[in-house]
């Protein structure tokens, strides 16, 4: 008997999960090194981190080819969706990670913080993020979410000499745990109604049943709770409250990491769960997303207007960006589950990629201007930057214009894509709301630009510690700006990439 | 019989839970938490989840709560927090509204669903249980754990690593800062 | 007699309702308690409610997956507690006896 | 030669350009001579054209010279073209002729002025515009000149802009004229819509062929009349002309007596067929307005003490006569009077200018008197002018005025009678002026202290260069009547000359009682003139009666004052209110939106209290809302 | 298709901006020189376009079309016709003038960089025939202009700049949605594929009336703000007043034309039905703008502000002509765009010179300048007369054509609008009297006479003012065919027929 049932696990396609393995490997190397060897110069840690991220990025592209040849499929016991969608996201995440690790190197140097642990956490968080995008099982999504979140809580609190950092960590942790409990409850209820947490099963189950059985309150409650969890992660109003505090308190590179990787993962997960797993319920959750999107763009932009701390401003602006992304999700909702898929998903992906790079660049500048102690993030700290550090100011200006969605920058392309998607699905009202809200947001960016270029010097400006631009950060910013402009001028390739990724998303396949 | 078990356990669970919320002394709260956890364990047993019941008792009621108590003692935050005053203005009413809203909606959902048809079987929540294979509970869990959930299992390992790294990073003393000058 | 018992046998719904109650209590607890540690405990309550739900549903569905999931959730809960306590320790080292309300430097 | 008509405006243009570029270098007096020469040359050119035109037989006396296509868009094709016909040439002749004389005069009058050359710059530009006005083959070219003369009069009135009053007067003239221009534009639009062209040929042809409906014709005529009233200072737009006396006297003579102000009369004559086709009330209205203006201005002139103001009002009054003629279909008479008036009014203005010059820029007649001995030539020529305007035979004014009255009688005796009243007044106030200036006792000694600067002050005769034009004009005013003598058809030179232009519109009065007894009317006219003079003599020489100079007349019936007060008072307030509306309401709304956003921002900001538990509560609320939406609204309902 | 003239119109100034930005600060004179060369080169290219422009051809010329963002059906599509030609030329002329003639006083390098970028943007928006491309330029010009205002403007500059930026952005927000919707719906309504190509959409797509109207207004709001049409005009006085001289010149000279041009090129061309349907609204707003702007201008105490309000009035005429739909009126509008650019540009230059000398724009503080600076006064007078619309100067021709054309289709509006001519005389002459007439007081006695450099700066504009007034034919004969084509396009898609005037009775013409 015992011999009769020797357990054989599912076939594990190591090649397919290689990006994750690379990241994991990098993380472990760092830990081992940190634990066993004498300290390396900090730069090396960053290099290890960047290199493994880069390797993962390359692998993702390679896998993409494989997918476009052999088609998307579910692997490792249907737990992971092996499709271009996840690859696109993982590329975006790795890209952001590379830039962030460059910033962090200089940041740690300046703040005199140590430790490979931070990079290790970056890598682990990246794993969690990629898993969220690639998961084919709600439980896996939850686990990925937790990996990402726990890492982020820690990173946010990682600046030991800034109470603000730890405060933000605690806030983020409490609220995050609170929210993920809701998410998990949602998973449980879906499990109860669909009979499994596996997305494939869920899709099959609901697609056969919902038509006959409309009032499945339990499932709806589950969806509601899932939406809550995801909305919290993407910082959609009214689940955005944590964002400004956490963004402001966390060390600038970490903030950049949250804003780029965190958002990307969250939205990827949202698309997975809602658009892919629950198309049968789209008429139920689409209005909710509509409302969330409208609220988020408007309130996010509005709240930013009166802020005086640049990091907070950008936090709120990231909220309004989340609103724009939600507009894309709303557009995707219209064609969720259909073979003739609209541009909703692809536009959201495009936006994520662009915003990720853009926001890292922006926070990089903020971090540099923050000066030692990472405290000088008040708008006054930018006064006269145009004179003292013109190149930095120019870069910041470009990035801010991109955030405002000005043409010739990637920001415009992103915005255009999302609005186009919305319009194609005939949700004009939402499109108009979003555009008008973006005008309000623009005011904020203008304020920063003014203080950089037009504001007259004030007493004590010269007493301020001069802004230093270390090499790595400089390169990172340069890269971000370059990307912003290149994509702004020649976005064709990226657009088709995102559309290709969508076409090769598991479940979007005809 | 089942009824009795359920009622007692439910009483333990809710009693403990409420205790956690209302007991102004952290230590008492922790102890009420233990009560709840035991109650939940009992219910697990009632639901034929023997393995989980065990884990619940050992890991949760054992390890975690001890950890809580340990921290409380360690940091000496065991000062009484008086529940009666609420510094933040509308917090309490808000909490009540949220509580009532949450409970009522969830309960209605459940009750609604109890009649609805559940996956697989063409029958409602309250209909007779479909009994799976009569393998032992542990064995089943093991199978699924290393079967369909192997990826999740691996992922959890990452999660634990993160937790470890986190503690390492956070518990460094602020004053001493390593690294080469 | 048997009928009474039949009616009186706790069904899945009972468990789900109980879980919902537990969950709600936990949620309210988070809102009303100031001590961060107690707030964690409340979150733990919520997670336990979820676990209960999983187990009940798993039983109903005759599917072991639910129980496995609970197993994972427990691990997650443990990890969360570890990290959470780490953060709290880090803070309380510098601000002994601080409550959640005391930590409101970041606002506006 | 006719194709060379463009030479006529060319010369002033050359003068303008040369002075513009080298005016400073030319300086005083060369610039004056140059300008004069240019105008004289263009006079010769006109004479040449005249000769050629004369040689043709009457029906052929119409020639169009198109220089280039000006504004061609679709069906609107406007050329910069000149129309050579008896009317335009007549105008050219006396514009350039009198223009030349006045230029010459001005070289003397403006001598020593710091902006001497600039004065002639404007003057040449004016002549150019005036020639364009009269030579224009279509309304647009005329309008070009029309606005040009307006602008020039603006420049020249405010020539001494350091004087507040001068600057204001110039502005007033321009703006008031603009009101008229609006009418002209409307007329153009109507014409284009109705006829498809704005060339006189086209418009008049359409009118004569009956292609133009009566309504259209009336509308066009009335709109043109609005314009004419503006330019020719008719009620209610006459206001600017008296103020225009702020300009140097040669300007008053050239622009505000001889040429520009008669443009309106010219325009109406030009389109007489339209007026003919128009509804009957249109010409009547014109006649009435003309008459009213004539009386109104005459009464005012009675009480003026500024030597130039008297002449100004008399000009308005005389223009009223001309419009009365237009209204009664007496186009020839109108042109006739225009010419003679140009002669004697220019003469009078130049004379007054000479007086002012001699009196060291004293204009108040009460400070004059007994100047005839001191400035004989001025006095004699001025007296000739006086007789001419007063309507004493055989001077020019008599014949033209009589002609107008004749047609007026033919139209309606009422016009005639009231016209006579105006004539009496004319004679009266002109006599008054002559007496006050040249006769009686010298009242300028007690003006000493004011002119202390000049030491022992005695008025002196003006230089030759200024007297020569006076003499010439005096001669013209004497014999000018010969153009059109009532006695025999053969003596109707002007009429037969203008016949091709006005034949369609000219009223035929041969059958009327008035025409049959025109000699009676002649006699009456003489009597009237003498009566007026007698009355004035009785009052101002014999002192039989105290002069009747009520303030209401001196203040021009308070009309000007009323208008000015309105503009400065309610009008200005209304404007200010609109400006306030703009900055407060409209812009306020814009800024209000901004403020609203700010406000809501700082309001929402309070939700970011920093208390993590409150955040959790907000989350909870969100959760409940979502659950309600999903479970209750979507699920159960 | 040889040398890509139009593309170079955009590229050259952009490259110039790059060069200027890259040049070292140590050699300011090089910076200036480069900028001057580049702007002049651009102007030369614009003139080259004019020179080789085929008068008879009503369609788009020098077309260059290359696919750009394939997945979205967007292409780099440029071309000029009679309507845009002169705006291109004007842009080409005005920029060298401001680059050479106006001194920024500080941060010359940055200033010139922005200026050249602005030129690139302006050129692009006038010649782009792809909705996406147009929007791109339409939006991007805000940035350099914004920085010019906040960087080199006067005391209120930040308020004014921000207001300008946001106000315009609100408009374009609607336009962007409109543009995308047009492309998306166009696919379903006749075009068959998703494309942003203006010509293709205009020729192939036919929208349902209601749809067309919605879309038209989405576009129109943006343009109405830009024009600006009453009551969306309040950003303009602030921006004009606070902007540095160069900014005001460009703003008034070419940027406002983006609105009127856009209405013609995109509003009317794409949605003729909606344009016809809503014309009475536009006519009314235009007339209100004319009168209202004039009245507001009369009461201004700030010379620059006065000119700004006069712009509101002038652009009212352009809008009036645009929506009168007769060849005279629209040709007049197009010409008026140029005339206004020239004369108002010159006015702003002059006001700027006054400010340079007296450091005030307050009318009350200026007095009797004509006495101390007669030539300056004369030039000002000439420009002013052209702005008033005195025949023989350029201002008149456009205004007259607009009115005479509008009279055929919108009589009563025209009757009222024409009174604006009176008001124009009123406010400008009054201002002139207060500033130039009278005895100069102590402060103004030292007012410098026009300098050679300034004279040279102004001369091209003055020449244009006189030339276009006396011989507008060269302009009109290039404008008219395209305008006719546009009207035909409108007539084909709607029941609209251009009112015909009777055949002019033929009369004997003298042999020339």
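Read from first to last, the chains carry the letters A, B, C, D and E; within each, the first residue is number 1.
As a working rule, a contact is a pair of C-beta atoms (placed from the backbone, for glycine too) under 8 Å apart; a residue touches a chain by one contact, two chains touch by 3 or more.
Being a predicted model, the structure only gives us computed values, none of them experimental.
Asks: So which chains are sitting against chain B and chain E at once?
Replies: For chain B paired with chain E, the chains in contact with each are A, D, in label order.
Asks: What pair of chains has the most C-beta pairs in contact?
Replies: Top of the contact-pair ranking: B-C.
Asks: Just grab the chain with the largest centre-to-centre distance to chain D, centres being mean Cα coordinates.
Replies: B
Asks: If I average the C-alpha coordinates per chain and also across every protein chain shown, which chain's average lies closest to the global one?
Replies: When every chain is reduced to its C-alpha mean, the one closest to the whole-protein mean is E.
Asks: Distance-wise, how many Å sit between the C-alpha centres of chain D and chain E, to the nearest whole number?
Replies: 37
Asks: Quick one: report the Å distance separating chain A from chain E, using the average Cα coordinate of each chain.
Replies: Here the centre of chain E sits 44 Å away from the centre of chain A.
Asks: Roughly how many whole angstrom separate the Cα centroids of chain A and chain B?
Replies: 29
Asks: In whole angstrom, how far does the Cα centroid of chain C sit from the Cα centroid of chain D?
Replies: Their C-alpha centroids are separated by 97 Å.
Asks: Counting only residues that touch at least 2 other chains, which ones in chain C make the list?
Replies: 16, 23, 26-27, 30-34, 39-40, 60-61, 63, 65, 72, 76, 79, 83, 86-88, 90, 94, 100-101, 103-108 - these are the residues of chain C that touch more than one other chain.
Asks: Give the residues of chain D that touch two or more other chains, as numbers and ranges in rising order.
Replies: 605, 608-613, 616-617, 620-621, 623, 627, 631, 635-636
Asks: Among all residues of chain B, which ones touch two or more of the remaining chains?
Replies: Touching at least two other chains: 88, 91, 94-95, 98, 102, 105-106, 108-110, 112, 118-120, 125, 143, 148-149, 152, 156, 159, 162-163, 166, 170, 174.
Asks: Identify every two-chain combination in which the chains touch.
Replies: Every pair of chains in contact is listed here: A-B, A-C, A-D, A-E, B-C, B-D, C-D, D-E.
Asks: What does chain A use to touch chain B in their complex?
Replies: Where chain A meets chain B, its residues are 7, 9-10, 12, 24, 27-28, 31, 39, 41-42, 76-80, 108, 112-115, 117-118, 120-121, 124-125, 127-128, 131, 137, 139-140, 143-144, 146-147, 150-151, 153-154, 157-158, 160-161, 189, 192-196, 198, 205, 209, 213, 215-221.
Asks: Which stretch or stretches of chain A touch chain C in the complex?
Replies: Counting only chain A, the residues touching chain C are 139, 142-143, 146, 150, 153-154, 157, 160, 163-164, 166-171, 173-174, 177-178, 181, 184-185, 187-189, 191-192, 195-197, 244-245, 248-249, 307, 312.
Asks: Can you list the residues on chain C that touch chain A in the complex?
Replies: That would be residues 16, 23, 26-27, 30, 36, 39-40, 43, 46-47, 49-50, 53-54, 57, 60-61, 63, 65-66, 69, 72-73, 76, 79-80, 83-84, 86-88, 90-91, 94-95, 100, 103-108 of chain C.
Asks: Applying the document's contact rule, which stretches of chain D touch chain B when the two form their complex?
Replies: Touch list, chain D to chain B: 609, 611, 613-614, 617, 620-621, 623-624, 627-628, 631-632, 635-636.
Asks: Spell out the part of chain D that touches chain E in their complex, as residue ranges.
Replies: By the definition above, chain D touches chain E via 2-3, 63-66, 68-77, 115, 118, 140, 143-144, 146-148, 151, 154, 158, 161-162, 164, 167-168, 170-171, 174-175, 178-179, 181-182, 185-186, 188-190, 192-197, 199, 201-202, 205-206, 209, 211, 575-576, 578-579, 582, 586-587, 590.
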